[in-house]
Amino acid sequence: MKITAKNIWLDIEKIRETSPLIHNITNYVVMNSTANALLAMGASPVMAHAVEEVEEMTGIARALVINIGTLSESWVKAMFRAVRRAGELGIPVILDPVGAGATSYRTKTCHDLIDALSPAIIRGNASEIMALVMGETKTKGVDSSDPSSVALEAAKRLNEKTGSTVCVSGEVDYIVSGENVITIENGHPMMGKVTGMGCAATALCGAFAAVDSSFPAAAAGAMAAMGIAGETAAESSEGPGSLQVGFLDALFRLSEDDLINSIRIGELQ
Amino acid sequence: MKITAKNIWLDIEKIRETSPLIHNITNYVVMNSTANALLAMGASPVMAHAVEEVEEMTGIARALVINIGTLSESWVKAMFRAVRRAGELGIPVILDPVGAGATSYRTKTCHDLIDALSPAIIRGNASEIMALVMGETKTKGVDSSDPSSVALEAAKRLNEKTGSTVCVSGEVDYIVSGENVITIENGHPMMGKVTGMGCAATALCGAFAAVDSSFPAAAAGAMAAMGIAGETAAESSEGPGSLQVGFLDALFRLSEDDLINSIRIGELQ
Amino acid sequence: MKITAKNIWLDIEKIRETSPLIHNITNYVVMNSTANALLAMGASPVMAHAVEEVEEMTGIARALVINIGTLSESWVKAMFRAVRRAGELGIPVILDPVGAGATSYRTKTCHDLIDALSPAIIRGNASEIMALVMGETKTKGVDSSDPSSVALEAAKRLNEKTGSTVCVSGEVDYIVSGENVITIENGHPMMGKVTGMGCAATALCGAFAAVDSSFPAAAAGAMAAMGIAGETAAESSEGPGSLQVGFLDALFRLSEDDLINSIRIGELQ
C-alpha cells in the first residue's frame, strides 16, 4: 500500500479527534519537550516509570514509548514490565535506542528489550541503528557521527531480524519494513541543535501508531509532521531557542495544506 | 472574609518583596517549568528529594509543594518525611494529586499523604479530585475527561473530610473551604496544550500560601495569576510553544492594573 | 598569560569545529536547558548517570560536568565513579556545588567529591563557594543571598586548598587561580529569573575546558559567552520566558564582533 499525504492527514485528524493516551517511559532530558510535542500534535501524554504502576498505566494507554536516554536499573526493570504488558494487550511499543553503541549497557538493554518483544517501530539515528546490528560503532554519545544513508543496510537487517518497522532519521529519514523503504526528506539542520528532537519523533511515532495499525505509515506520518513543523519553525527562527518554540506552534497549527504542499515522501526502488 | 483583587495584589507584592523559598518535591516532567513559574512570580524555588536532606530543606522553606506526577518508592518515602517535618514546623503543604485515579498506586499514595497530614491546599483537575473521593473514575492519564463543575460535590466532600482547601481547576476554578466556594474564571483553552500548567498552578499556591495564611485566598491568588498570565500570553501566541514563553513573561510583568481589570472572581451562593 | 577576547574567540571556534562530547551528571531541573545551552554553543552533550555505564561514558567524553542540584544516593555513587575515571584519563572535571550550605548532605557531598579529585573548575554563586570554605552560611536554597564580591576571599582559600580554578558568579564573575583573579562583568539581572542559568554556565565551563587546557581561560570564556548572550537576549526580551529563548539563539549566533565589542573582562590587581 502506497502511503500518501492524504493517509497521513487522516491519521493527524484521528489523533486530534481521539487524543490517544501515550505512555512514555523516557529520559529526564526530554520529558517536558516530549510531553509538549505530543500535546501539540493532539495526543495525551503520560509519563510513569514506577514498577508499582507501569503495567496499570500501559493498560490504559494506546501506545507505549520506551526511550533509554537516561536509563538506570529500576527504570529498565519498569520498561520490561511495561513492554510485556503491552505485548499481552496488543498495544504497540515504540523503542528509541538513545545512545546505543555509546556504552555496552545501552546496547545490551536494547537487545534485551527487543528480545522480550519486537517493537512495532524502532526509531534511531544512524549510529544507534548500526550499533543494534553490528555491535561496535564509532558513536559519539547520543549524536550520530554518520548520515542516515550509511545505516540503511543495518536498518534492513534489523527489520529482518526483529520484524519491527525500523526508522533511521537524519537528513533523509528511511522507514524500512520488509521490501519497502519509504523516505521522508523534510526537516531542517537547525533541528539538530535542539535537544530531544529525535525523542519527540519517537513519541510522535507512538501517537500515529495509536491510530494507524500500519506501522510504516505511522512512522512516515510522524517523521513528516516533525520535519514539516521544523521547516515552518526554521523560517521565522533566529536560532535553536526560537526554533524549539516555533516547532511546537507549527505542530499544533499543521494543516492539510501545509502537509500536502510541503511533504517530500518517496520510496526506494 | 471576601477575597478581592486588592488582597491578591498585596500577596503578589509580598511574594516579590520577600521571595519566599518554596520546597518542591515534584515530577520530572515539570521541574524546569515549575521552577521558572515560581521565579517569574517572584518566589525562590528549590527542588530536593533525597531522604538524606528533605527534612532539612523543608525546614528552611516557607511552603512545601508535593506533586506525585512521576512518583516512585524512594520519592514517596521522601515526601512523607518532608510532609511530617512541615507538620512539625507549621509550614503549609500543597498537594497535587497528578493522575490520581489513573493507577491505584497514585490514588493510594495520595490517600496516605493526606492521612499523614491534611494539606493546606489540594489542587487537581476534576478527574483527580473525584478519584480522591470516589476511588474509581474514568480518568485518562493525567488529563481530566470532565469539566471542573462535575467535581464540585467531590471537592466539598474532600474538604469536609480533610479540612484542606480544595481547588478544582478547569475552565472555571472552584476553591472550596467550608461553606465558601470561590470561583475564578480566568485562563485560556490553549493552556491545556502546554504540559505542567496545572503543576505550575499548584506551585504558585505554595508561593501564595507562603505569604498568606488564608489558604482559600492563597489558592484564589494563584489561580487568578495563572489564568490572567495565560490570557495575556494567548493574545500574542501562535500556539502552545509561544504560549509557554509568553506565560512566564506575563507572570513576571503582571501589574496591579492587569489584575484588577482582568480578574473574574466570584462566589457560589 | 593574559586572557583576551581573541583567545576566547579561538576557543569558541574550536568548540564549534570539534563539537566535543560533554558528559553531564546533573540535576533534573536543568537537564534540558543545559543540553540546549551546550548544543547552542556548539558542543555535544550527553547525560548519563547509571553506575553501570558512567565510567564508559566518561571515557569517551572530553569533559565531565558534575552538578549536585538534585542529588541522591545512587547518583552520588555514580558521580564518584565518573570522577575517578576522569582522573585516571586526565579528563577535566567541572563541579557545580548547587545548594551547598543549604543542607549538610550537599555540603558534605561536595567536600567528598573534591577530596576524591580536585576539579579543574568549581563554579558556584557566593553562598555556595562560601559554604565550601566556611561550612555554615546563611544560604537560601539554591539562590545566593550575597553579592559575588563577598565570596572573593573564600574563593581564594578554596583555590589554595584544592588547586581548582574557582569561579564565583554574580553581577561580577570572579575567576580565581593562584595569584590571578579575572573578572567578567557581562550579564543581565533578568538571567537570575530563569532557572538553570548558573548550571548552564558550569556546563559551558566544561565545553571550554574540553578545548583549552588553561582552566582560568576556559572559565572566563564560558562566563563571557553566557553574559554576552544574556545581554543580547535581554535587549529584545519582555520577561524571563523570552529571555531563555533569546539566550539560546544568541549563544548560537555569537560572533567574534559580538564578543570583542561586548566583553568586559578585567583583572584584579
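A, B and C label the chains in the order they appear, each numbered from 1.
To be clear about the criterion, contacts are C-beta pairs under 8 Å (C-beta built on N, C-alpha and C of every residue); 3 or more make two chains touch, one makes a residue touch a chain.
These numbers come from a predicted model, not from an experiment.
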item: Interface numbering overlap (same over half, different under half) for chain B and chain C; value: different
item: Relative orientation of copies chain A and chain C, as a Cα rotation angle in degrees, nearest 5; value: 120
item: Computed distance of Cα centres, chain C from chain B, in Å; value: 33
item: Shared interface positions of chain C, touching two or more other chains; value: 28, 32, 244-245
item: Chain A partner contacts - residues on chain B that touch it in the complex; value: 27-30, 32-33, 69-73, 99, 102-106, 140-143, 192-196, 237-242, 244-245
item: Of chain B, residues touching chain C in the complex; value: 19, 21, 23, 28, 31-32, 35-36, 39-40, 44-53, 56-57, 60-61, 74, 244-253
